[in-house]
Amino acid sequence: MRAFTYNLLLTIFWLAVTEVFTLGNFLVGFALSFLILLLARPLFDEASRRYFTLFWKLPRFALLMLWEIVLSSLRVAQAVFSPRMKIQPGIIAYPLEVKSDLEITLLANLITLTPGTLSLDVSHDRKVLYVHGMFVDDPQAVARSIHESLEKAVLEVTR
Amino acid sequence: MIGAVLIAFLGALLAPWVERNLKQANWVLALLPLGLTIYFASLLPAVLEGAPLRHSVDWVPTLGVRLSFYLDGLSLLFALLICGIGTFIVIYSGGYLKGHPDLGRFYLIILLFMASMLGLVLADHFVTLFVMWELTSLTSYLLIGFNHREFRSRRAALQALLVTAGGGLALLAGLILLSGMAGTPYLSELPALQQHPLYLSALVLVLLGAFTKSAQFPFHFWLPNAMEAPTPVSAYLHSATMVKAGVYLLARLQPSLGSSEVWSSVLMAFGLVTLLTGATLTFRHTDLKRLLAYSTVAALGALVFAIGLVPLTSYYGAVGFATFLLAHSLYKGGLFMAAGAVDHEAGTRDIHQLSGLFRVMPITGVAVGLAALSLAGLPPVLGFIGKEVLYMASLQAAPAWMVGLAVLGFAVGATLATLLVVPFFRGQPPEGVHEGSPSLWLGPLVLAGLGLLVGLFPGLYNPLADAVASAVKGKAVEYHLKLWPGFNLALLLSLLTVLLGLGLYFLYPRLWAWMATDPLPGPENAYNALLRGLMRLAVGLARLLQNGSLRAYLVWTFAGLVGLVGLALLPKGLAWPQGAAPLKPALGLLVGLMLLGALAALRLRSHLGMVVVVGIVGAGVALLFLLQNAPDLAITQFLVETLTAILIALVLLQIPRLGRVPPGRPLDKLVALAFGGLITLLMLHMLGQPIAPHLSRFFAEKSLPEGFGQNIVNVILVDFRGLDTFGEIAVVGLAGLGVYALLRRRKEEH
Amino acid sequence: MLDWLVYLLVSGGVFFLFVAAVGVVRMPDLYNRMHATSKAGTLGVGLILLAVAVFYQELSVAARALSGLAFIILTAPVAAHALGRAAYLSGVKPSEETYVDELAGHYRVNHQLESPRPSEKP
Amino acid sequence: MSVILPLLVPLTTAILCLVVPYRTAQRYLSLAGALALLAAGLYLLTQLEDGIQVMQMGNWPAPFGITFVADHLSALLVLVTGVVAVAVTLYALEENDAPRERQGYHALVHFLLVGVNGAFLTGDIFNLYVWFEVLLISSFVLMVLGAERAQLSGGVKYFAVSLLSSILFLSAVGLLYGATGALNLADLATRVEALAPGLRSALAMLFLVAFGLKAAVFPFFFWLPASYPAPPVTISALFAGLLTKVGVYALIRVFTLLFTYETAFTHQVILWVAGLTLLVGALLALAQGELRRILSFQLVSHIGYMLMGLGLLSPLALTGSVFYALNHMLVISALFLVAGLIQRLGGSGVLVRLGGLYRQQPWLAVWFLLPAFSLAGLPPFSGFWAKFTLAAAGLEAGQYGIVAVALLVGLLTLLSMGIVFAEAFWKEPPKASANLEARGWAAQALPIALLALLALGLGLWAEPLLRLSQKAALELLEPSGYIQAVLGVSR
Amino acid sequence: MNTLILQTTSRFLFTLLLLLSIFLLLRGHNEPGGGFIGALVAVGAYALYALAHGLSAARQLLPLPPLRLVGLGLLIALLSGLVGLLNQQPFMTGVWFKVLGLKLGTPVIFDIGVYLTVFGALLSAIFALEESAKEVR
Amino acid sequence: MEVLLSFLVGGLFAVGVYLMLRPHLIQFLIGFLVVGNAANLLIFTAGRLGSQFPPLVPPGGELLEPIANPLPQALILTAIVIGFGLAAFGIVLFFRAQQELGTLNGEAMPEQFETAPLPSLVDEPQTPQERVPA
Amino acid sequence: MSFLEGALLALALTLPFALYRLVRGPTLADRVVGLDLITSVSVALAALYAIVSGQTAFLDVAIALALFAFLATLGLARYIEYHRQGE
């Protein structure tokens, strides 16, 4: 199921970029995507149904991310252009609630793209994400803010 | 004639097979030279008629080279000597080298030599002559080195080869010049060339060839050393035949190059010096073969001296040459073979240790006696007649002091003759020594006997001698050879010669004791010094140039490049192109950054850091391509830069870090700057030339209609110039294969 | 109207790339510099890609521009993570003013990362 | 058709060797490919009776597409390349070096031949660059195949210097294109006349260095002796026979077709380079104690002869150059292969450790002496005719200095070969040497004998090859025929 | 690099890159791209995957050993060139035909040969280097 | 523009050549990369600048002039790829050289048989064979 | 100079900053950050040039570049990971 969706996605992408919306080209695109997925067979064995829902939730999520990035960049700009940089860097260990690979990755990436924080690494047992912050006056507050604004959003998309 | 030469060569090639399959191979193989002797003898009447025989076939028409032969009296005499003496040498070799493991090879080479020598004296086209000339050097090399396990043999072989082949190369240049001057490649057709502006150059070159081959001073030293060869070789090559090749050539060219003052004076001077050198060095040795070798040197000097006399004398010079040549070949060949036989039987060649041989080796004794008579120039043998005529020639044309020196030289011949005969008659015969087999004494006996025969009946030889003399003189010569010329000044000189010779014989022990002690400085020292110097030069040069340092090699390359291109360009000054595209500020900025980044990279000590910093250059180039409307290039450049960095990182991950880096050398900086400047200069010059747009216009026009593609660059890559791309992917594919091979091997080892 | 949107997007893109550039020069240590590139840099590039999509108003161009944008958003944080982690492992120390380092001492020799021990649970 | 076969045959062979995984099949393919290449070369030569052969790749007319051209020079070189390929392949089959074969030895050899023949046949200067690179990369990989210490040490230098020469060549092509707008050689020939003389001779010098590096002339030859003694002998024999000749070919091509204007400067420089190469190479050869290193320097030295003819630029001289190049390909390959056998039988290539071969292996002595004497230019071996022709041409032109050097170097070569013969063959072996009396190398002697007898045969019956060389020389000196054949018009 | 974040991301990127690579290859005749660029992108995909998931995982995603791909690519290139020769025309003369409404010609097939060759060669190099780098990691 | 690029190319050549002359082979390789870029720029400049459009034919077939000269671009593409192949091989070659020879110093890589003893030509060898120059 | 061309130049003016970090380091990771910025700017330049030139072809440059910049960073990061701090 998930493989099929993904396949269709790739085919649409193909149609869009080649600009030839004929049945023949659809088949070519489908076949090419199929071949590639065939190559990547080992990738598709678990929880493939999730992917379909992800397809719908994606736009909303993307908008959220975009907005966070804008905010974060403005914050960096503010810091960068202020004559005396008022930053308070630090590295904190953030306990993860999310579990799956995809969730962790999404969260980590989101953290990096959002204000003042940058994911450094995930612990081997997947329980902790180490985050570098530019403005770590209070580690607890940073962790709380991550949990409130980001981790919840991720969970909403993936579950 | 061609047939004869060919048969000689082919016969030689069969020799090893014959030797392997027949018991008395020497007798069978001797049939070859014998047959040839008979063949050439059969041509005698025709040649004596005064009608030289010619025969030639195309060899290399593109170069105008013909395999061309010419038989006149001079050639015929040599041909007869070569084949005749060759017959006995082959027979003799069978006895002398009996049971030697390399005997088959020996026959092969000595017969090859005979064939070459035959070709040499018969050759008419100068290339034919030269080919045969070098072939004699080659075969001689292999023969001198026959006892190749001895260092001395190898050294002597190489020495002979270098001296004679080296002279041969000069001869080649001389002959090319001569044929160019004369407008004909045929020796028999050469006109008189003394007036030609290149005469002297050609003469010097030809003389170099002739003098080295014929062991004239100062090149004589190789000949005695060549006595490391087995005796048949010494007898044949280094006395009777090959060493006479130079003399032959001088005689052959005499009509064309002679009759100039230079010719006569050079030949007489060198001939005389060689004669005296050979004579003097006789007193340093007691080894039979060495003694004979020096005597050969002396005789060769005498022959050259005689050729120098030819244009100055009426006919004595030419006749003297003809007679003495034959006489020397006969007695010297015989003496060498006899010396070999003695050595073979008695186990030594030291004259001081030999005694009473006549009683045990009577036949050899007779042969030696007869030959010694000829050597001493005593009647009634041919050597006497030869020397007489030479004296007449000298008296006619040479200054008195030269005559005196010549007498002194010949006198040593008499001394030597005495030295050779004495061991046969003095003292007790050694134990267990007896006459060798017929093959060992047949040659000496016949040759010495011939000397006696012709001496007694000079008329037998007279027609041929006249023919020889005519050829040397360049015009018809008739001379009546007589054993008894009557009382004249020459006879008086002969008498003086013998007396002087005997006197020297009695002084010999004292002279020997005096002269043989210290090594004498001479041309051989010069040769050795030259060789040593050459090797030292080579080693020094190798250390300087091929020193193993990659940087040095690169510096040489860049320096050469800067020098050569600079030489071509700098005099033309600076060019400033016209009509260039306007400057774009963004690109200007980019250029500045690239240069800055590149320079900054030089200061880094980390490799990957350097790669990363140099990345600005790659990125800059890509951006430049981008902003100059080359999207394919920009993509490729970015991708390739990235992959290169990844590959380098992958490798650097696995090797230790850069240690201490030595500071940059000023020379490197200079070279780099000069090279960069030169490239800029070249580009400016290039931009000053209008570029023809035809190619790109064609591609742009045909890309879509005929190449069915809108991306012109891609159509060029896969269609218009698809072959380039084919080569390109081959390179990439092979690089992949190479990387795999390099790394896989390692995997297998671990 | 759309022209002005393009100009706006381009201006924003250039502005944020400048922010990133200045940040890379001015920030005190590697980790803070990475904040600049991973956020402002990504946004700057993204805005310009959006500008392209707006400028051409063609489906194929927009698809390409947006997929480019997606690539960047997907890769930039991963790159920052990889580089930051590597730098930390290789011993690049955070600057002196760094307030707290809860990562310190949690990498094993084989570069495996451990969670904080219960005693130091945040 | 005939003109592309010498490229397609090795190309097909090489690709098949890559695709076919079985080693035995690869061996037969390789031999068949070499024989087919030889046949293709012969066929091409016979086709030349009808005039210069031309093919426009992709059917795009000259000067737009890439042209393949075969005049006598190219065809002869291709033919002799085939001979060398057959000989070396025969030798290699017996060598039976399984690890190397598994790493693509046969494919690499044929790719090398692709590069060599492509370079000989292309009529496009950039395409020439591409073929140079193909042969270079093949040679790099062959050079280090097996990755032994010496191979790597020599390979590094070979690689580094070759990279440099590639860059120089590429830059020279770029400059030439920028100044004319053309890449096709015939097209270029019609356009270089309009160039400023200074730029033209500077470009000539740039090409001289770029190709001189490949041809290994003074002072750019150092990479060659550094690397050639390192790989297995089949590989160095192949390199020795072919690679430098490609550089020589390129020099001859551009200096007869493009740079014929400031000859008083350019060709005089070539003569100087030729003389120094001859002399330095010959001298350095004397300072070596190992067989293949000696041969490497001899190889370098004798490139000078080929340049000498080019510098003299007369019909006779170029005839000599062409003939010499062809002859040298055969002779030097033979000598390298002999060196391999000597090493196998005597257990070493170092002269002082050798000896006794003359007594034990007389035929090997023959197979050594024939090419050795030919190398020294002694009659009646093939090398003599080349040397004779060159000397005659030099004297004709009044260039006595270079003639003297040429003849002197002949003597030095003789000395060098004499030393080798004395040490490896004549001398007593210093110890009970490896397997002096070994038999069973006849199969490997076969290709050597083939080459050695060719050296003798081409000496005794030099006419056919000399006539062809002369034709080549005349074509080179009258480039309008070439231009006409490629462009269809003589502008 | 054994990190969760990279491993997860690389799964997406791998397929995207491969598709992009074929897109670039086939479109190259008309717009920027072509066999070489396409191949580099594909190599990038595999390099990324190998980096994140290890060499053997990446090898499993490959139908043929890389060096076979080199031979195959060269063979395709050669055959595309020979088509013209069989038509009594010079080597590499283009022959065009239509497949499923798409214009296909030997030059395009040649470009596919380029793609496979470059892909195989570079991948073989990278894999070989990764293999030897295993000891370091 | 072309003049500026001429100086850039010259400058890059100078830097690259200097790096190639440094003792360490990795530096040589980096130098080669720089010089390779410079050579490509040289060809690019040789094709002349001043274009406004990339060498792409619009679907209609009417060219927008002036397009960039496509030929140098194709040549450079070939050159880049070849240079990349060589560089890739070179990196690994140097790597293996480092492993086997223990150094990457191009000045410290002895040549094979560089020091093989020379046979004696003039003087008879005293000890059985090995001797230094004549 | 149009607005967009001005933007192009302005974008190029960020490069000196990146070069500064590239050259100054001090660690290799810092240089990589500099290089990262350069590639980001290059992507932006390519995209912007796609507008300036009116040729969408340059958009593909931007996309290909964006993807590969990521790879370069990863490759270098791996090197850094296994080398001690500094260079």
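In this document, chain identifiers A, B, C, D, E, F and G correspond to the written order of the chains, with residue numbering beginning at 1 in each.
The criterion applied here is as follows: contacts are C-beta pairs under 8 Å (C-beta built on N, C-alpha and C of every residue); 3 or more make two chains touch, one makes a residue touch a chain.
Not measured: the values here are computed from a predicted model.
Each step here moves to a touching chain, and the least such steps from chain A to chain F number 2.
In summary, the chains found to touch both chain C and chain D are E.
Distances between chain centres, each the mean of the C-alpha atoms, put A farthest from chain B. When each chain is reduced to the mean of its CA atoms, the one lying nearest the mean of all protein CA atoms is D. Between the chain pairs C-G and D-E, more C-beta pairs are in contact across C-G. Centroids built from CA atoms put chain E at 30 Å from chain C. With centres taken as mean Cα positions, chain G sits 47 Å from chain D.
Remark: chain A and chain B have CA centroids separated by 84 Å (rounded to whole angstrom). Note: centroid distance chain B to chain F, computed from Cα atoms, is 43 Å.
Each of the following residues of chain C touches two or more other chains: 20, 22, 34, 42, 44, 60, 64, 67, 71, 74-76, 78, 81-82, 85-86, 111-112.
Residue positions of chain F touching 2 or more other chains, listed in rising order: 20, 25, 28, 42, 45-48, 52-54, 56, 71, 75, 77-78, 81-82, 85-86, 88-89, 92-94, 96, 106, 109-111, 114, 118, 121, 133. Residues of chain E found to touch two or more other chains are 1, 3, 5-6, 9, 13, 30-33, 36-37, 41, 44, 47, 67, 70, 74, 91-92, 94, 118, 121-122, 125, 128-129, 136. Taken together, the chains touch in the following pairs: A-C, A-E, B-D, B-E, B-F, B-G, C-E, C-G, D-E, D-F, E-F, E-G, F-G.
Those residues of chain F lying in contact with chain B across their complex are 1-15, 17-30, 33-34, 37-38, 40-42, 44-59, 61, 63, 67-71, 73-78, 80-82, 84-89, 91-96, 98-99, 104, 106-107, 109-111, 114, 118, 120-122, 124-125, 133-134.
Note for the complex: chain E touches chain C at residues 1-3, 5-6, 9, 12-13, 16.
By the touch criterion given at the top, residues 585-586, 589-590, 593, 596-597, 600, 604-606, 608-609, 612-613, 615-616, 619, 622-623, 626-627, 629, 631, 634-635, 638-639, 642-643, 645-646, 649-650, 652-653, 657 of chain B touch chain G in their complex. For chain D in complex with chain E, the touching residues are 1, 4, 8, 11-12, 14-16, 18-19, 55-59. The touching residues of chain A, when paired with chain E in their complex, are 6, 10, 13-14, 17-18, 22, 24-25, 27-28, 32-33, 36-37, 39-40, 42-43, 101-102, 104-105, 108-109, 119, 121-122, 126.
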